[in-house]
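For reference, the structures are reproduced in the following blocks.
Each of the next two complexes has subunit A plus one other chain: subunit B in the first, subunit C in the second.
On to the complex of A and B.
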């Protein structure tokens, strides 16, 4: 499409573009410019009064930095467990809620969506209390059962698992709502035909519901992967990357590098690498999960 | 009147006014923006009352000068300031300890701060303790006005000592072996259910906090030796770290969370009347003031030195707090700012801080006024200043501290031996030492 054609298109749809403009301007100001700036500074040594071009030096430092590799390993580990678990829990919960009466559905939708509108910081603080070794709820419960408590967030062997458990046990409200909406659009005739053929309830769920929800699953998997790779507030509130570096994840490393160490160039390089990693995962997910469905 | 004549007259009047306020020595007028952090509470629970009073006094004696204060919690100061510096939108003045890394030495090299030397004649500087000035000296210039000094010390809950019939250390001084013996006696099952309720000792290991470091230094190690070589992988450091770790794993005189707990939880375990489950904890001097004056945490306690190891004398870590002035384009504003900084760091102000805020004066004249006549705990901690080691002046100290403390945490988790942790820390920080 040539420039002239683009301009003609804009002129033809000027009112449409005008209505889109405020949102687009906000996007450019608060997303586009910072992203472009972070790409720019990833090739710079950042100074207060001037920056200096250093080429790929920041990327070389990032690859040589053991902390980056530790953070990458922790992040991938977290994402590979939390994302599938959240999608699966959303699917199961939505499947259990869907057959209920409209009133019951509304109640459960609201109940499971509540954590989504609650600040992640508040949830993380509540879980920090649950994991507290002396007066925490989890250890109190274990002691009630006669077991001994643990320092859940203070031991490398349990800290990351504790954060992962928190992320899994916080209901995936968006996933549940999306799945419920998608289940509502599956034609009832398909289930009726399966019933006539003698399919059991589980067979109908496994052979009809799950495959027909694949586009929603793809959407949730991609969103879940991006969200899991960007895990930050739980780490910031609960462990600050410790003990040792047991819970150091990429976004927390980027935060420390930029706002504690003031190494904005290196933080920019980390960010670009995180972007590339997420892109690779998203590409693989689209390649293997993408499907076009049409109901006849 | 012709418009041209009117224009010329207006310009002449404006020039005259400008001359009168600059060349002819008139006072600068305008707005100064400062950041300050919470201090001690007044009757209205206001923790900014001291600075508000100082601002009001300055504004009334300097007509045309307005000072706007941005209130910043201590925990957010470093991060907010770093962002402000990166955006070149810094305040005119802030309460910064340059040795703590809140303002990086790189920033000073790049000209973010104003040196104070030109505004403080030698006779004025002579009233400050050399150690306090040293805290703000970098590359031969002084980059801030010291207001107060802090020190780390051991706080002893005397009620628990009495309950167990344990004598506190005579004159607050003890050897490591004496310390360990007393900690063993202070660890006990209070309610007879077979579980330990009260522990002798506890602390935390967190980046940016150095409560445990005087113990790490007790056998002769420090961060760097005199030739600026890394010193925390030496046999002296390993020996000290082994002894500290033994408190938890061999003598079992610490709670399970020792080394991994957070600051708030550790303090609550020591000072909260509903807990008070630890007999001895190391704290910076603010905790002394809190336990002396806070209605909630007031308790029967004494201050003692860190135990003496192979070094043969006690050791502690000190810090210097004060105010820095950020780069100014306007000379008149800079002079006014320096005047303001002087007005908030007087002998009277430092005395007020010493009595209410748990700090030690940076001015000799304030110390000579005997601010701790009624508080023997503060007086004792003040004497410990002669055994202090300061946090080293290193451009990458925050990263070094982060890597070191991460390894120390693993020792207190029981995941690494002291030798392994200190060796791994050395390997991790090598690139910052170049």
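On to the complex of A and C.
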């Protein structure tokens, strides 16, 4: 009876299911299965001929090995500096663009978004060349000022900071566009009322604009956290984790462990732990930036 | 009082403009440096810091005007040496074609599959609809690195290593497009679809002849975003493609760095060739990028 009803339902809606089916099949094969499998993989060890269950061994190895902790430290540093800087810069630049004429808005939006549409590989190649000690632009500029240059990416003391600096100076194109869209949807009456009450321009920005942009800020903070914890292309192109382990970040460690050392189980364990860390940060952010939309 | 506050406003606007201009210069300088270096004289770039603007941009037209046609064409010829070396000594043409194949086929397939699914999710009532949609969307928040290792095992089992399909198939599985198009299609009035149904259109006909034309702006947005994302994708192709013949552009660029340590002119030429198409697409279709970002955000 129950089965018959289900079959009838499916027959009646067969077109609906046919429309969804192709996408869902590809989704299951290349996202659903890998996501489910990612949990098991970290409890396994991959030999040449067979795969063994090793329980929590991979996690134990991960914590006993200094590499994981070094990579974790580098990644957290990178994310905790780059993400807030990007969100803040996006907010400031969007606030400065918003009052301009349509033409000027379009120009600046394009200027700030262009590095976002070009690949991280291209941007990182450009910066690697800029940071180059002998023929790089940065050292040439410093020499012109009378200062001496440095081997920015070649020294442990400056390598990570140079990568961080690049990520900060590459404008947050997505954030700027999201903030501009959100600013456009704040009703004008709120500002008019504030003007009548004698609020200054800065007060209006700080007391009205910034609080009302909170949903966008939360979205950018969470997205930026997920993104910056997964930094990879820049590291691969500029330093390959070096010198020593100075710029080894987690996704680069996962890449090396899995695809150079062929230790898939250990790499799987690293992946799950990175996922857990990202989730903890996202949870904290949702809790403390809790969105209140009463104003609208 | 009135006048001084107006003056302050003007000063404030001036400072704001100044900050924006400086930020724009910082933003565009690396890209300018890529294109400028590509056009510098090959031998000079290896040993010197080249001038901010390549000689060909400054001297070509004056040379032509002063009647030095031969000198002008010699300068142009020398300025293209980086690109000449790039195209003759590396697999650049191959990489470009591979990237074109990957991005085009992934984009076309995604547009077809995602618009079909999004149409059903947006406009149809069927048992399990919300559950299926929720299952797909909930994976959007899972960071990409999580599936790296299992996905590699799957691709290896399927024998798709060093095969462009190994890059294309995981791209097609992305659910962002279903979400974006469903958001867009929900804004299209259902009456238009009902009218076609009364006129006797088939289920597929309603999709292809009524829904698709109405959803064109959303589909164009998704198409451009998808092409851009697949063109720039690096980590996954790097894992799947190891032979130079099958590499995409971004992976090929990395081998330029490995094999030609100091040939910055040639490296930047490669970067310029990789960046050029997406910059052109962006300048022509800027509005679609803006719409995609605001439609595709996970709120509302």
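Note that in this section the second predicted complex is superposed on the first by the 264 of 296 C-alpha atoms of A that agree within 3 Å, B and C clash if a C-alpha of one lies under 4 Å from a C-alpha of the other, contacts with A are read in each partner's own complex, and residues count from 1 in each chain.
Keep this in mind: a contact is a pair of C-beta atoms (placed from the backbone, for glycine too) under 8 Å apart; a residue touches a chain by one contact, two chains touch by 3 or more.
As the structure is a computational prediction, the values presented were derived from the model and not from experiment.
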item: Touching partner for A:133 - first (subunit B), second (subunit C), both, neither; value: first
item: Subunit B versus subunit C as contact partner of A:254, first or second or both or neither; value: second
item: Touching partner for A:221 - first (subunit B), second (subunit C), both, neither; value: neither
item: Partner chain(s) touched by A:90 [first = subunit B, second = subunit C, both, neither]; value: neither
item: Larger contact residue set on subunit A - subunit B or subunit C; value: C
item: Touched partner set for A:29, first subunit B, second subunit C, both or neither; value: second
item: Which superposed partner A:154 touches (first subunit B, second subunit C, both, neither); value: first
item: First, second, both or neither for A:62, with subunit B first and subunit C second; value: neither
item: Partner chain in contact with A:114 - subunit B first, subunit C second, else both or neither; value: second
item: Touched partner set for A:163, first subunit B, second subunit C, both or neither; value: neither
item: Common ground on subunit A, meaning residues reached by subunit C in one complex and by subunit B in the other; value: 132, 259, 264
item: Subunit B contact footprint on subunit A (complex, rising order); value: 46-49, 66, 132-134, 151, 153-157, 240-245, 256, 259-262, 264
item: Complex contacts: residues of subunit B adjacent to subunit A; value: 78-79, 82-83, 85-86, 88, 104, 106-107, 110-112, 206, 255-257, 259-261, 265, 269, 398-399, 402, 406-407, 409-410, 413, 415, 428
item: List of subunit A residues in touch with subunit C within their complex; value: 6, 9, 13, 15-17, 19-20, 22-24, 26-27, 29-35, 37-38, 41, 89, 92-93, 96-97, 99, 106, 108-115, 117-123, 125-130, 132, 135-137, 140, 169-171, 174, 177-178, 181, 201, 215, 219, 226, 229-230, 232-233, 236-237, 250-251, 254-255, 258-259, 264, 267-268, 271-272, 274-275, 278, 282
item: Touch list for subunit C against partner subunit A, complex; value: 9, 12-13, 16-17, 19-20, 23-24, 26-28, 30-31, 33-34, 37, 45-49, 113-114, 116-117, 119-121, 124, 126-127, 129, 132, 135-136, 139, 141-154, 169-170, 172-175, 178, 203-204, 207, 228, 231-232, 234-235, 238-239, 250, 253-254, 257, 264, 267-268, 270-271, 274-275, 278-279, 281-283, 286, 289-290, 293-294, 297-299
